[in-house]
Structures are given as C-alpha cells and as structure tokens.
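Beneath this line is the structure, given in structure tokens, with notes to follow.
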C-alpha cells in the first residue's frame, strides 16, 4: 500500500542520488576515455540538489514525487545527462501518476516509459552505445524475474547483474551518440560511461535493497 | 714575421668560431641552469657569419683582421654576448693595430685590452660571476708561462688549464651581472656559462695549437 | 593540476565574477544562471542574441558579450551544456519585443536543452528562434550520427548576426544570415596536448611527447586520429586538406581565415602558422579578405590550434567588418 | 618539443612573416633586421617610437606596432637582445625630423646594444633618446646589481608615449611622460611551468607537478624562489604583498591593473585571478580605473601570470584611454 510504495520510491531515488555523488570521480573517468569527462561532475552536482531538498519534495504519490525529482534534475544537471535523466524520471513519474498500489508490473512499465522517453529525447536507440544498452536488458531481466515469481530483492539483484554484463558489452560497440561518437572507431574498446554508470547504480540498489 | 702572426691570429679566430658553433647545445645548457639558455645559440649564429665571410675579411694585419671580426660579431650576435665579445675583439684588435711582429707580450697586452673593454662595456669586474672570472686568471697564467720561457703551445695549454679551474670555481660565486643575477643566491652552485664557455674554447686552442 | 584556481566547483562562478568586475559599466552578472549580459539588454529595438554552450572555451562566449556581438551568455559548467533553467531564466530576463535568437553549437546536450527551452519560451509567448552551428569538418556527417560539432566557426555566425541585429534586422533575417554564414564556414582542429578540466584535476587523455591529435573538437575529447608530431608546414597541409575540399573552397574564392588557439599555445606560434596557411591559400588562388589570429574558442589549457575558413560575399564581409565592443583585450 | 614550428632557427622570421601577411595594409616587414614597422612610418610630424628586446614575448612588441603605439619593433632572436645593426638600421630607416625614442627593457644585453646604437645614431645626426623600463619588483635593486628588469609594465609606457606622440608631443616631452609612467608602474610574476625555447627543444628548467616559481621575469629563467602550488587567493596575496609596499600603493590611489598571461595560461584563469585581485584592492581602498586581462607580454609557452599596477593620475589615465590600432585581436 501507498506508504510502502512511496518509501520504496524514495529509497530508490535516494540511493541513485547518493551513489551518483559518491561515484563522481569514477563516472568522470569513464567519460574521459573517449568523452569529455564531465559525466560524473554533472550527475553529482545535480543529485546534490535533489538530496539537499529531498525532504521538501511533494509526496502526494510516487508518480508526483518522481516528476518533481525530474524537474530538479533537468534544471540542475547540465550536459546531455540533464535532459536524458530528467526525461527518464519524468516519464517514469507520469506512468505511475495516481497509482497508489504499485505492482512489480507497474514498476517495469514505468521503467519502459523512461526508456521511451530517453529514446525520443536522445533520438537514440539500442546499439548506439548509450545507457540504453544497459538499461533495456536490465529491465527485461527484472521483468522475467518478477514474472517467474522472484521477490523484489532477488529480481533487483538479477537486474543489476544483467546491467553489469550489458554495460561491459558496450565496449564492443562504436558510439553513435554523445561526445564519444566524435572519435568514431576509436570509441570501440572502452565501455560507455552512461551504461556503466547505470550498472553501478543498479548494483548499489541490489546491495542495499531492504528486506520486505 | 707578419705572415706567421696573421696565420696564428686567423687560427685562433677560426678555432674559437668553429668551436662555438660545435658547442652550441652545451653552451645553451650551461646558460639554462639559471639563465635564459640563449648563450649557445647567440654565439653559434654569430660565429657562423664570421666563418661564412672568413676568407673575405680584411687581412692588412692581425689588428685590422680582429677589428673586422669584432664588427661582424657585434652586428650579428644578440643578447649580452654580442656587445661583450664584440668589444673584446675590438679592443684586442686595437692594441695590435699596425703591429706586424707580434710577441708573446703583445698577445698578452691585447688580451688585457680585451678585458678592460669587457669591464667597461659590461660595468662588471672580477667576482661578478662572468666570463671575466675565467679570462683574467687564464691571461695571468699565460703571461707567467711565457715569461718563464715556455713555448707558445705549452703556455696555451697552461692557460687552458687555468681557465678550466677558474671556470669551475665560479660555481661558488653569486651572479651580480647578466640574467643569472636575477635568481640571486640561487645562482650559487652552478658555473657561469660565459666562463665555462671560455674555458672550453681555450682547451680547444690548446688541443689544436700548431707546432712551431 | 597547476592552475590559477581555488575550489574547482567555483572555477566558473569565480571566472564570471572576474569578467563582471572588469566590466562594471557594460556587463551584468547573474550568478544563479552563470549569466553574463549587456547592462543595456534587453533592448526592444533589437533582437536579443543569446549563446549557450558549456564553459572552458573562453573568450567564447562570456567574454564576447557586448555591442555588436552577444546580448548574453549563460554557459553550463566546464564542457557541459547549461541546465534547462539557466536558459529559460536567461530568455525571460533578456527577451525583447523583436524576439530572441539562441545560438547553439551542435552537441547532443546543448541541442536537447535549447530545444526544451525554446518550447518553454514559446509557451511563455516569447518570439524565439534557435540556430545550430556545425562547422567542424573533422566529424563525418550522416543520418547515423549526431552531425557535426560547432566549434570556432561559431565566432563568425555570432559576429555576423550581432552586427545585423545592431542595425535592426528582425528575427527571420538574422536566422537567414546566421544559416548562410554557418553554411560557408568550415573548421578543423589539432591538439598538441590534452587539457585538464578543473573537476578532473588531470589531463583528459595521455599524449606522448612526440604525438598530436588530429581532428579534435573543443571539449578536450580525443580527435579522429593520433599522429606523430610534424612541422608546421605539414600541419597546415593537414588542416587545409580537410577543409578545402569540404565546401569546397576554390580558386577565386575570397575568405576570412581564423587561426584559433586552443588555450595553451602562444600567439607567436599562431602567427607562424597563419603565415604558412596564408601563402598556401595564395598558391591556390584563394585570397584572404579578413584574418583572425589568436584565442577565440579554447579548450581550457589545451595546446593546439584550429583553422577556420569562411567563404566571403559582400554581405558577410560587410557584417564582419562592423565594429564590436566586447570585454576582452582593451588597448 | 611540440610547437607549431618548422626549423627552430626560422621561428622568429616565420612568425614575423605571418604578422606581415596578416596586416598587409598597415605593416611592413624588413627580414634583414627582424623589423616590423608601420607602413606610414617615418612620419616627420611625429616622434618615431621603436621598441627593441628579444623575441618570445609576443604580442610584445612586434604585434603592438600601429597607430597610437609603436612605429617599429626589431627584436633579436628568442630571449636575445637585437644585435647592434638591427637597431642602427631600424633607426636609420624610421628616423623622423622630430626624433626617435627608443624603448628598452632594462637588461644588460639590451642596455649595451641600445647605448651603442644611440651613439651611432647621434653620430649620424639623428635626434634620439633612450628610455629604460624597469618595473619588476621581484628583483632587488642595488648598485651591486644590474637593476630591475623591464617586464609587462612596458606596455603602459609604450601606450602612454604612443598616444602622446600621436598628438604631437616632442622628444623631451615623451621622455618625461615615459619616465613618469615607469616610475609609478610595478610588476610581479609567477610561473606554473617552465617554457621551451625553440632552439633548446626542452623546458628551461624542471618544475614539479606541485611546484611554482615566484618572482619570474619574461625570459624563462627561474624566479626568486620556488614554492608549492597554492590556490589563486594565496597567489593574489603573494603578488600584492610584493607590489603594494614597493611604490607604495595606498588607500585612495586609483590604479590600472594588468593581469598578464605568460603564454600558456588560458584567459579563463586570468579573469578568475583578476576578480580576486580586484576585490582585494577594493578592500584596501585602492580603486581600479582601468584593467587589462590577457596575454600582453609572454615568455613563450610558459603557464603563469604577472600582475602589474600603475598609479594613475589624470594625464596617465587620459593617455591610456586614447585609441590604438595594432595587429592583434581584430573583431
């Protein structure tokens, strides 16, 4: 019921925000290989704002909460990540709006909505060597696990594992989006910063997922 | 007699010029320690001009020859070395002007004249950590050796040895002239570029001095 | 990292404050949005011109705010497009009755932020148009890519529309002029060293003592390929061979030439390079109408340079020749 | 060594050719004497102003030739005073009926060469005066030393006498003005890296990743002392503590401030440093009448900066405000 849902949503957002701040340096190094190195800085500065105002965010329901977070991200994160992550949170929030009993399927649907938002905003798709290449396989695994009847903690762990594998696999891809794409073939051989960042965040969620 | 004198003068000038060009890099490194590193470049470029026009230089007598070389040096060597070395050659030339039977004493007198010229032009004196600190002891030794009856080759060798020792000794001095003086106490511990350059040239003269 | 800097997070704000303090009569600074704007903006008799993009490219663009150039610049952090609200607030503050022209170098992050900002502004009833600059020939343009980058050539678009705006040109006219200038502008860059973003504290990539990066942008990312160092004559050929066939520039053309320093290269080297390029253009029958040598659009402290050519016509050359009064280099 | 360069021996000539090619209407280039001079010089209604010094300080001084500044500059090789004949031939070529003013930074080599040149010129019946600039507070001045160095402060002397000369001031008047400006100008420099002279091919000295040199001149030589890197706030204090007590500059004074880049430092950092210094001067009751931020007098590719303060009076401020048209940075 709602309180639990909201608590869960808050936990997810707070974990993503705190881990993004904690991983600033590492995320920056990932982006420095063939990008411009600001990925870690952008996420960290943005999520610092989210954490600073965390307690005052509108909590009418999970959807509203996520939408408010989306606005904070978009207005405080620069670079490509601001619009991309902002859109993702906005779409997820939208798909959960008014829903006060969020099922596993609802969560998956929200994540799918986020993916659609990223694709539209970034005019990107699977295979372009972006965070999508980690996010989509991760969601597929989460969905399968939940449908197979795993409880949330297990499903989130499987999702994280899938995200990690998929992120590693991006090193074989040539970047077609983002700054990395300017180096062309040279982007092959290193993982995508956004994809690996996403895997790290998913793993943190799995590591800290509260027992029901 | 004149031809010999002139031949000897030409030999000295040519040796100094060729060795300065050959030692460009080393002289530059000497000047780089606490100076601006252009000593080698300046001498090399200047003496390249002298060598290029060497055969056309007025050879009326050794004095005239040296004076002409002085003008070439002053007009083609920049930095402090241009005026300093130009003045030295000019004064030496002046003291030998019209002299067509140059004795060892005449040679020493010419070198003393050069020293006076440098002191006046550079408003410098012994102990300021300049080439004077190698040149003066070198001349003293040359004079003593000649008066003791050594033949030219021996005297020049003794002069070179004295120059080397005196140049090494400049490392204990604090520079009061030239760019090196701007580093103050920090100039102590490294030899003066001009003094060491002079020692190197003297040694080359000793190594190649023609048997009478 | 050895820079004149305090806290890396304050690098951009402290720099902007310096610009403001150095130009008290002509510029205003709004810390909340990294905004530097003309003290006399908005001016309702003139279209407002705003440039976005990240920081680290100075003098572009916060130091090119002034009469005849920009009305305002609201850069993001180093190499990061400005967050949405920087742009929307800047547009609100500087909007003029004649409208607002947003100049944006073509990068994913900037594109997205400014497209969103344009929507917001229009919703607020502001007349606004966005102009994307993409002059970098190092990037292959194709439907599969994000298109070419906007780099130093941005200067010429900025200068041309800035001059036209002073003379009262309307928004539609400015877009026409800007697109025209962009369409005849080509740039290619070469890096001798990597740059060091304040937040990272170390060079973005390793480069050997005898290596250079060919085809770099202005965000410190590696270029298209790495090569051994080569003499300035050969570098000039590499740059010209990439630029000339692209438009193409041909014998009989009259051009503006910019040899732009990337931040760590002294102007002596830039003029040396300029001389070589000028002579090579002469040989090809291409005459130099105007030339620009110096740091115009940098990549922090990167040693390197970019070459920009603009094919001139009477209109463009006239606009480039118009006066401008900006923050930097006052004699 | 990674520079835009061909043969190191041709570094200076090729740079000068680039300057000439970039300014065909306003400047002339005489290769034999490394001379860049105004196309309209000599002008018999105006005193001719010539600056010597070595190369490697660009834009000083070959790029500051033009209306309101220099009539000609004949630099020696990198960091080397010009040979005597460069100067004598330049004076012959540019001598005007109103006379010739030679601006010389105070270095042994330059002093000697220009004193000799002055003798020669006078022998040729040319009216000539030499003005020595020595604004560097890093050097202790005493009868046992060669005196203080002339560094970035040279710009203000050049600008002031250049402006006065345009208005017809005679030689005596220019010397008075130049000496006055020099007497109220003080500079202090800090290096973050060593520079690499083309002929040497490697840095002049080794400096650790966390070390800086305090009290450097403009010839790449080490400074007065080495220190650990410190934040810009502390660097500003080091510079001000060296400069302020020296004149001294006091509360109530109105000054011109120059934050000069030494060649390898981007303008973003210079403005950051300027902002800090501006605020510290405010606190001390010293008001900034004019400011100059950028590369004015460099040490090749050295990363670093110098701070120059000039105590203004009506005459000096007026002359500094006069227009000038020189080679660099055309918008």
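In order of appearance the chains are A, B, C and D, and numbering begins at 1 in each one.
To be clear about the criterion, a contact is a pair of C-beta atoms (placed from the backbone, for glycine too) under 8 Å apart; a residue touches a chain by one contact, two chains touch by 3 or more.
Keep in mind that what you see is a predicted model, and the values were worked out from it rather than measured.
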Chain grouping by contact, computed as though chain D were missing: A, C | B
| item | value |
| --- | --- |
| Topological distance between chain B and chain C, in contact steps | 2 |
| Chain separated most widely from chain D, comparing mean CA positions | A |
| Distance between chain centroids, defined by C-alpha means - chain A, chain D (Å) | 55 |
| Gap in Å, rounded to a whole number, between the CA centres of chain D and chain C | 29 |
| Inter-chain centre distance, chain A versus chain B - centres from mean C-alpha coordinates, in Å | 75 |
| Whole-Å gap between the CA centroids of chain A and chain C | 32 |
| Shared-contact residues (touching 2 or more other chains) in chain D | none |
| Junction residues of chain A, two or more chains touched | none |
| Category of the chain touch graph - line, ring, star, complete, other | line |
| Pairs of chains, among all present, that meet the touch criterion | A-C, B-D, C-D |
| Residues of chain A defined as touching chain C within the complex | 28-29, 32-38, 40-42, 45-46, 74-84, 86, 121-122, 176-184, 186 |
| Touching residues (chain side chain D, partner chain B) in the complex | 9, 54, 76-86, 107-109, 112-113, 116, 138-140, 144-146, 149, 197, 199-200, 204-205, 217, 219-225 |
| Chain D residues touching chain C - in the complex, by the definition given at the top | 2-6, 11, 14-15, 17-22, 55-56, 58-59, 63, 68-69, 159, 192-193, 209-210, 212, 229, 231-233, 235, 263-276, 278-279, 290-295, 298, 300-301, 303, 305, 323-324, 326, 328-331 |
